[in-house]
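Okay, so subunit A shows up in both of these, paired with subunit B first and subunit C after.
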Partner chain A sequence: MSAASLSDPDDLGRRLLARLRPGRRDWMTAGLTLALIGVAGGVSALLLTLTGASPSASLAAIWTGSLANTTGWTTTLLNTAPLLLVAVGACVCASAGTFNIGQEGQVLIGGLAGAWVGLRLAMPGPMLVAVVLVAAAVGGAAWAALSALMLRFRGVNVPVSTLLMTFLAIQLVTFAVSTPWVLQESVQGAGDIADAQSNALPAHAQLAGFGHYPSLQLNTGLFLALVATVAVALLLSRSRWGFKVRMVGLNPRTAQHAGVRVAALGGLTLALSGAFAGLAGGLLLTSPVSTNRLQAGLSDNVGWDGLLVALVARNRPMAAIPVSFVFAVLRAGGDFLSATGVPSYLVDIVKALLVLAFVAPPVLVDLFHGRRGATPRAAPAVSVVPAKTEAAA
Partner chain B sequence: MSVLDSTSTILASGVRLTVPLAFAACGEYLAERAGAMNISVEAMMLSAAFTSVATASATGSATVGLMAGVLTGLVVGFVHGNLSHRAQINTFVVGLVLNALVLGLTSYLITTEQFASHQVGVLSIPLLEDIPLIGKPLFSERWPAYLLILLVPLTWWLVERSRWGLELRAVGENPQAADVTGIKVNARRRQALLWCGALAGLGGAYLAVGEVGSFNQNMTAGRGYLVIAAVIFGAWRLGRTMLGCLVFGLSDAMRLALPALGVTLNAQLLVAAPYLLALLAMLLFTTQHREPAALGRPFERGST
Partner chain C sequence: MTPTTSAVPILELRGITKSYGSVKACAGVDLKVDAGEIHGLLGENGAGKSSLMKVLLGLVRRDAGTVLVRGEEVALDSPQEAAELGIGMVHQHFSLINGLTVWENVALGDNGKVNKQAIRTDIAEVSARYGLPIDPDARVGTLSAGERQRVEVVKCLRRNPQILILDEPTSVLTQAESEELFAVLGRVVQEEGRAVILISHKLAEIAQATDRVTVLRRGRIAFRAVTAETTPQLLARQMVGREVSLGEEAAALGLVPTGERRKGGGGGPEGQPPVLRLAGLTVEQGGVRLLADVDLTVGPGEIVALYGVEGNGQATLGDVLAGLIPPTAGTVEVTGNRVDVTRPGALSKAGLGIVPEDRHHSGVVLDMSVAENLTMKSLDKVSGRFLLRRRAMLAEARRLAGEFNIVTPSLDAPVRSLSGGNQQRVVLARELSGHTLVLVAAQPTHGLDVGAIEDMYARLRAAAAEGVGVLLISTEFEEVMALATRIAVISSGRITGALPVSEATPERLGMLVGGEAA
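Here is the complex of A and B:
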């Protein structure tokens, strides 16, 4: 898109200056986003009214389930951490122009790796938690790295391979928890039937929580996720490595010319995003309120939702913090909503409409105002790099 | 039950599981040949399944329901086409959002509304249905299934023999060159998505008012992704794509039937097989340049 501009220093400087102050385009984007959020709210309210439910009561139920009391806050904050981790991972590889959509599978594989280590290794107290979380991150990274390898050596499309790998991950975890010699729970009595789940992790493999019911409980996972987010945001915006990553994302050819190892960096960011998703799976596994067992339903759409969070945050890690909180509110509120008789699927509709409201405005503004690429160009872009890097991009 | 009978039963169930996949795969095949990689085929099938049941319930006619399903698929294809090939939003993002939206919407509506059950009729072909083993599976089906006999060759003719199809393939292989010769690249892709939507809609509607007669939550259960796997497995050739659908349908039928026959086989492996096969196919085919060169890449005039 900004192919010509990066190689032309004058144009680049002009553009950077223009970027610093919000222009007409930014105001239009913001206005359009707000309008579309309004439309999303209106559509949801209309749907509720048409099906005989009350929009205000539903909104109140979401509020009650998520933010009205300390129990709600505890659940919401507990939901925020894994969503934020998945989203931050998605931001990293999106910055490098790689689109990973297999987080749901990477979360599950993270859980699988964490459960495997947690159940097989005998280790004292807090060390075990750390080892489980590291194993989970490594598991998720390895699963995503497979897609990176397929891209590097066979040129397989990343979104497609990560998507297909998700379905493999679901079956792999189902297999693991329903096969006695892998991870299925052991039964006590002779007549008991083993469920499709693993044994519970030892009690000391639980993440510490601060504060106890009924007061507010803060969990270590949230701090972990926040620290990771700030670290990634700083790395991407301030470090030399982050500059390379963004360069690869904006224009792989220019990056190649500047001496960046495009394929390696793209693969690394893909593995990193898998690591974050895997870590989210580890958090779900070791969370103080979960059953601490591996089940096929462990991920519970956290991977998909985290990806949507990154889309709403327009791939900016710091923006993912409030967005993941909003999504966590919707998740927590949705559970409470179903208790009032309105199907919790409502919040899924709201989530999808929210994503549209945030994804559409920038491109729509571009469409109405002529594309960024339509500004004068130095010369028609000529392909200077052999086709091989094209495939890697 | 004799071995012959049980084989025939498994075959019949395999064919029934194949038909919705085959309809949708025809559409997805055409869209991918135009370079439009749409994962919203799941949304097309699921929304069509829902509206077909809702319309059949309202009008009392399963056939009208079927047509409503086709129309719904068309609408989803229209929306996807305009978002990703006019507004240029990333096609995977559009697909994910549409899938999530349709899943949420249909799940919500099926829990709040009640629908009467309607099903299209079975059409048995005299004489042919008496052939042992394959007679019942192939020649005693719900009538829309026979539309495949018409639609598969039609899709093939459209892509391989018509002028429109030639332009589609040009758009899928080299959009820049196609653009220079005066073909409207994004318009062709949007048209391809309409065909894809209509056929995926037919597949979804067939599943609902054809096979099952009702709608349940997340009825397609990832069949849309299976269709994508079939097109990849078929190396972007229509015949092999249809073969892929048949393989996936039969393996699904095996998974359902084997426990009853007392055979223990790994169920997870059978569920995972299509995706595994598709991944292996991709590993093999990409270096042979089987996939449309511009698959999944947005086209914008002036960019490379």
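Here is the complex of A and C:
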């Protein structure tokens, strides 16, 4: 018995970062990641040159658009919040072993529900914002819950159903904003043509900034997203419920045997991830990052990007904070870059290459070391246990 | 040395070394196998038997050492090369596809065009020559475990291997079936100058079937001898690396205990209500009856064994008692109270603990910590309504780890990093913590080394002595004889008979296993 090592300190930070403790493999992963980022940069530069743009000017444009000044920072932080929310939701259901990839649709449905409530309910200021956000979360949750029900009663594969529901969501929102009696904007004067978008939310249904800083806007949405992230991280690592979620994700049979209601918990986490995506949709609608109108383009790939954030953060909510910031830098900088005439698909390619640079190394390192499980991960434990315990084993 | 043709061994390994990370699976292993012999390879789990054979099959690349086949050095870089050299293996775990027919399974891995008629003729020929009757058109899923083993052997023999490796072939065979298999192999090997390497951790099997024996211990050759000149005691000592008595520990080595047979053992007084009663338990899946009308009772302090050859419904029964699949009909009662097995956690609330057959699959969560695994069934104890109380969890885990002698670098280490024996102890400790009245132990010693097996036996006995009713589901005759006070035999999902251990003989159990009344 190694009694000495059993009395571990009980500090929160270590628990939260437990999986981030570096080992030899982690160094290899880090090195490989850096190398791949270099490769991604090289390929991007090559592509930019081929399309006639200057790589250095492009890099400067990304910098200017995202981090060079307070305007850039404002845009970047506004972009961070919805990405983070989507990613955190993805972390929750991935922890339970359920893979929701339909966030893009859930974001849209959240926006639809929020817009409906915001435009139809007459309520005093701050309360209306709260109600819009809650409606958005409920909308996203309900949309994801449909997939959970399909799994429960029809055995439909969750990634497939959530993905396909996204296209349904796009159609639904397009219908809503181009049908006058649903949500299409009202025509001002005679001869005006109504666009495929809703009216703008009333000013008191928009999220305020908090604090006053010269020219830098910090939106309440970011605060909301950060609080939600910390709450989810704590919930997963410290709560009884989180314990069960992790158990289901890592070994559903053992969890079931230990008395966890596996199917119900899986469905709940799926709905919860939908709620986070819906909330992100609500943020897009109510914060200054958009026009405060519902449009079919409201989600603007936030759902997909948020999913990538979770992928790169490897389903750790706290790690999703810096990753979503990086993605927000690319979004803000990318928008600025395309304004300088560089085709926006190049920005997407750069983003994709960077995601690969982050996602591929752990897989590659595992491949180098032989398949998971085939290599005894037991190795360190064996060397820690003194030889005489072997006989006792 | 100028070897004559007959003196050249059919297979020679020199200094084979293979490491996985810092673990040396094989360290300089030399092995010589002559044509016409059955060579036993004996060793505990983790002694390096499997790694050595994987090298031989070209499945893993050796770090050092040479392999000679009929005196010629070979590279053995790929499974294809091993197959071309005539090295074939019958694996411990079946590699058959249930949905396909026998001939389709046999044809798997062939190159070129599949000629159904030719394959069926081949199968008929091999079957007739080796006395392994099999219907080539039967669907593998409908075959018994013994028949499937036969398909594996036929599949391997059809490729005409010169060196045939059998990995623990008898765990799914009745004694009669395994004796028959070895008789056939012995004949074939001698007549045709082939060689068989028989891997086993069972002394009785090695002693009965092999000509020569090599004992591996911790990756090294510990001993080699002509089988007829050794004794089980000697082999046991070489395998374990210390003196073992063949009384209490014999079962762990695959021998029937020679010591005095224990009497009825701590069984509760007659008339005391059973702690576990299964009545008319039936499970049907896709029209197949996996369990048919199983009636079984376990009294407090009693160890009841459910003995039978693998694949006769034991796994299904284990799944029902773990709450993983609902029975089609029948009831489960714990201390006289009917338990709704479909409700999650109902069985464990009622006081039933289970050591499941496949611990990785449903016993532990490999990537969660030892502490988490030890306490996952008693969350009330280690958490408030909402938050986990980590201190309480660690304290409880430390208590259980101490009580059950679990060797772990830390309570925060993932269970994955523990040895098989310690993983099994984690399961046992968890299932016995709380108010356990019945313990179901399904194949609790599969894949454990001798020391861990002995420990498991002692703990099962201790649990029974404290009044826990133990249902031991086992395929090992010796284990059943060593532990149980009563033995029930299961065959094709039915209980074919039950006897007190004092009346059990290999013959009577063998007949029951075969589905006949005895």
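We adopt the following convention: the second predicted complex is superposed on the first by the 345 of 393 C-alpha atoms of A that agree within 3 Å, B and C clash if a C-alpha of one lies under 4 Å from a C-alpha of the other, contacts with A are read in each partner's own complex, and residues count from 1 in each chain.
The criterion applied here is as follows: contacts are C-beta pairs under 8 Å (C-beta built on N, C-alpha and C of every residue); 3 or more make two chains touch, one makes a residue touch a chain.
Because the structure is a prediction, the values reported are computed rather than measured.
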Subunit B versus subunit C as contact partner of A:164, first or second or both or neither: first
First (subunit B), second (subunit C), both or neither touched by A:238: second
First, second, both or neither for A:246, with subunit B first and subunit C second: second
Contacts of A:260 with subunit B and subunit C, given as first, second, both or neither: second
Which of subunit B and subunit C A:106 touches, first, second, both or neither: neither
Residues of subunit A that lie at the interface with subunit B and also at the interface with subunit C: 1, 3, 377, 380-381, 383
Subunit B to subunit A touching residues, read off their complex: 37, 39, 83, 86-90, 92-93, 96-98, 100-101, 103-105, 107-109, 111-113, 222, 225, 228-229, 232, 266, 268-269, 271-272, 275-276, 278-279, 282-283, 286-287, 295-296, 300, 302-304
Residues of subunit C that touch subunit A when the two form their complex: 20-23, 242, 322-324, 344-346, 348-349, 354, 356, 361-368, 372, 376-377, 379, 383-388, 390-391, 394, 398, 401-402, 405, 407-414, 416-419, 421-422, 449, 451-452
Subunit B contact footprint on subunit A (complex, rising order): 1, 3, 47, 51-53, 99, 101, 150, 154-157, 159-161, 163-165, 167-168, 171-172, 174-175, 178, 304, 307-308, 311, 343, 345-349, 351-353, 355-356, 359-360, 363-364, 366-367, 371, 373-374, 377, 380-381, 383
Complex contacts: residues of subunit A adjacent to subunit C: 1-3, 5-8, 10, 15, 18, 238-241, 243-244, 246-247, 250-251, 253-262, 370, 375-385, 389, 391-393
